[in-house]
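Take a look at this one; I'll ask things after.
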Amino acid sequence: MNRRRRRRLAAFKTVVYVVLGLFFLLPIAAMVEFATRGVGLSSPRTLSAFTSIGSDPELVDAITASLELAVITSVGMLALLLPTMIWIRLRVPRMVRPVELVCLTPLTIPAIVLVVGFAPIYQWIEINVSDSILTLAFAYLILVLPYCYRALDAGLSAVDIRTLSEAARNLGASWGTVMWRIIVPNMSSAVSNACLLCVAVVLGEFTVANLLNFENLQVAISILGTGNASVSIALAVVSLVFVFFFLLVLSFFGRALSRRRGGAARA
Amino acid sequence: MRNNAARATRLGLALTVVATVAACGASSDPSWSTATSAASNGGMSALVTAAKAEGQLNVIALPLNWANYGTIIKDFSAKYGIKVNQANPQGSSQDEVNAVKSEAGTSNAPDVLDIGMAVAWANTSLFEPYEVSEWSEIPADQKDASGLWYQDYGGYMSIGYDSSKYTVTSVSDLLTPAFKSAVALDGDPTEANAALNGVMMTSLASGGSLTNIGPGVSFFKQLNAAGNFVPVTATAATIDNGTTPVVFNWDYLNSASVVSLPSWKVFVPSDAVLGGYYAQAITKTAPHPAAARLWEEYLYSATGQNLWLQGGARPVEMSAMQANRTINQTSAAALPSVSGTPVTLDQSQASAAAGYLASNWSAAVGS
Amino acid sequence: MRRPLGGRLRISTTWLGAAPFLVYSGVFLVLPAALVVVGAFSGPHGPTLANLAQLNQPYVVSAFVNSLVLSAVSASIGAVVGAVLAYAVATGSPDGILRRLVTALCGVLSQFGGVTLAFAFIATIGTEGFIVIWLQQHGITFYPNGVWLFSLTGLTLIYTYFEIPLMVIVFMPALDGVRPQWREATETLGGATWHYWRHVAGPLLLPAFLGAWLLLFANAFSAYATAAALLDIGGVIVPLQISRALSSEVGLNQANFAAALALGMVVVVAVIIVLYSWLQRRSARWLPR
């Protein structure tokens, strides 16, 4: 890349980051500004809204449940979706479009209506299987389908899986090896983005848990936030920051895992 | 939704529930699920013992700053050692009833409901009759004769406003240019009880009546055309922030326990005193029937009623408590002054108003 | 490719690969969706078309139009701006801290919505938002012609707040698949930057871009909580109508009408998907698939 183009690119990136950075961070700054106001026009700023969140045991339980759900859903999503997507692209190409449509369906029906459909199934599950909040994973796996499918598809579209799999099979590799040791390492960014979306969706999910009377992180925040305006905004900010740091930490793990699996055969 | 598959599933579930409840009678005394009063099943001490054995209570749609529910829940929980599980804190009365139907038979099902009258009248088949110890202190026209529902607290529709910026002496003041981008409702009148009563109150003040909500809709149409109406749902946050400095809401939701602005004042017009009460009910499929009944006993005791009073709401036993002198005088004095004759929407008037709004509200303020 | 074992066995092993997904989505997606569809055709006295007939009312039709425009506009803005941001990130160091920060931030913000998002915007550019006040102090009126934040325009802007991050996350893997060799090859053949984008990278990225746009559209189309907090004026978009039909506490609730509205939404998205499929076929015909 020549120097002129490099400078143009750098200028372009600076403009993009500054403009969009302002767009995304200003509303959050406004929330922090509101949550730190004192009562009355001229009282000093206070962090009391934030500190009063403290270590409410209900909140801790809800955070734990949500984190467990995030892990279960991510693992389930990868186990269910990734092999299916690779398999149908290789062996049953006619099913690619129908599966894509099925994966988009959860997003076409608003969550408040989807819950009406989930409710009888969950009634059965709660009485006959378990009434633990972790059963929400069944519903969450469906809710993350549209997002994760799209992320994985974008990664798959960049990999020539037909050539790679043919070459590998000719050299005697099993389907398992083809999938996990050849194709997946070539789409590591797609896999990690899909997991990231999964975790973000589960930690931010409110409607389904709320209408099924479960108390996950967002429902607990909603309950605590009904007490006081500043506390509700402070809770929202804390939740955003918490999920942000959690996703950031996850991204470091993702890199370490894919590097450990050994060098990917970049085609 | 009524269809054969759902009905068959429910029948199967009902049979499973009966078997399950019979099998785990250890944690909850099944006799409490049909007890119609504490006295009929062993008295208050037996009720307390049974409730403590159940150990939990499922409530729904109780925001912590609504009529002081935060303190009530904390106090009840500490007093009896019963964990109160809250669900759907911002839900509507209809959401509560929907949850009862869709969670029936599960351990997440709501035990007790606090709902608006329209929803109570329409869903009595879901309630279990119960008469609290203070049953006689509830006025006869504020409870169901067979004990299915009983009103708990209420208030008058009011206009709350930031007195450092505005002065409100009558409803028509709001149409003046001084109130540009200032006036808000608590929700959508075609959906929320408080908002519907807000429109009805302006109707009463503009020449309408309990059977005619038309002038109220015209009032809001004018308000919107003048640029004074803010379509945002008024919450404590938007009030504090200053985006909705004038709000139509029940007086207890405009009270100091909800709004932390020191300059907030509450105005109830003397020519339009529109009252509204909510009602309690115990559900038929309550997973913790003894705890549910204990909760009701607690709410209708002087302690519970006074806690509601502290939240700015008028408890249903108010006149009886004033006679007995069990009322908290400070809180009673802090209620906004109301002059004029109070009226309340009855069942047919409420549904007529809702029907009118369904056809005319969007057109009036939608642009 | 290895020769399969025999006619019947080949079919069963091929379909077996997709079976877990089909079974799972059958139970947890198709079944609830079917319950909703059945509800759309149910009435108090058995099957009926009355719920669907109600969809013909003017306020329902205008709600669908509003929803369509809102979703299409916010998805388009989100897709373009998101692609630009994704490009800016993808051209940086793949292991760098900036990329991690932006990706994590986009992950969080893509799911940020509801009452708090509406309030965040109200606190920023609402009538008492801190930017509006700051500009007022410098003599600039932010809202000379009425407060556009409290309208569908404002709602569209707020929707882009979560659409752009979503685009970044789902589109970035496609950008990561862009090989530097393509650029080199274009330059070797004498092509400039715009040649590269117009004839090489653009067409190769178009299928992923369209797919992401579709996701953004569906995401905006079914979003509800933010609109409920900001524009509580009586069902101006379809999800708000559904919410009224499900949760109205003044007696206007009709669960079956809500199901009919949801069915209407599915039909609208199905039509969009047909257009999308046609576009995909045209744009992907010479990709190695």
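Letters A, B and C mark the chains as written, and numbering starts fresh at 1 in each.
Here, contacts are C-beta pairs under 8 Å (C-beta built on N, C-alpha and C of every residue); 3 or more make two chains touch, one makes a residue touch a chain.
Note that this is a predicted model, so its numbers are computed, not measured.
Colleague: If you tally contacting C-beta pairs, which comes out ahead, A-C or B-C? Let me know.
Modeller: A-C
Colleague: Quick one: point me to the chain whose Cα centre is farthest from that of chain C.
Modeller: B
Colleague: How many angstrom between the C-alpha centroids of chain C and chain B?
Modeller: 36
Colleague: At what distance in angstrom does the C-alpha mean of chain C lie from that of chain A?
Modeller: About 15 Å separates the centre of chain A from that of chain C.
Colleague: For chain A, what residues touch not just one other chain but two or more?
Modeller: Residues 34, 116, 120, 232-233 of chain A each touch two or more of the other chains.
Colleague: Would you mind listing the residues of chain B that make contact with two or more other chains?
Modeller: Correct list: 1, 6, 91, 95, 235, 237, 241.
Colleague: Find every residue in chain C that makes contact with two or more other chains and list them.
Modeller: Residues 35, 39, 119, 123, 243, 246-247, 255, 259 of chain C touch two or more partner chains.
Colleague: Quick one: which bits of chain B touch chain C in the complex? Just the residue numbers, please.
Modeller: Residue list for chain B touching chain C: 1-3, 5-6, 91-95, 98, 115-116, 118-119, 122, 181, 185, 187-193, 196, 227, 230-233, 235, 237-238, 241-243, 350-351, 353-355, 357-358, 361-363, 365-366.
Colleague: Name, in rising order, each residue of chain B that touches chain A in their complex.
Modeller: Residue list for chain B touching chain A: 1, 6, 9, 13, 16-17, 20, 58, 60, 63-66, 70, 85-91, 95, 99, 102-110, 235-237, 239-241, 260, 262.
Colleague: Enumerate the contact residues on chain C facing chain B in the complex.
Modeller: Chain C reaches chain B through residues 35, 38-39, 42, 44, 59, 115, 118-119, 122-123, 126-128, 146-147, 150, 228-236, 240, 243-244, 246-253, 255-256, 259.
Colleague: Okay, in this complex, where on chain A does chain B touch?
Modeller: Per the stated touch rule, the residues are 34, 37, 39-40, 116, 119-120, 122-124, 126-128, 131, 210-215, 219, 222-224, 226-230, 232-233.
Colleague: Using the touch rule from the top, collect the residues of chain A that touch chain C in their complex.
Modeller: Per the touch definition, chain A meets chain C at residues 5, 9, 12-13, 16-17, 20, 23-24, 26-31, 33-34, 80-81, 83-84, 87-89, 91-93, 95, 97, 99-102, 104-114, 116-118, 120-121, 138-139, 141-142, 145-147, 150-155, 157-160, 162-163, 166, 169, 187, 189-190, 193, 196-197, 199-201, 203-207, 232-233, 236, 240, 243-245, 247-248, 251-252, 255.
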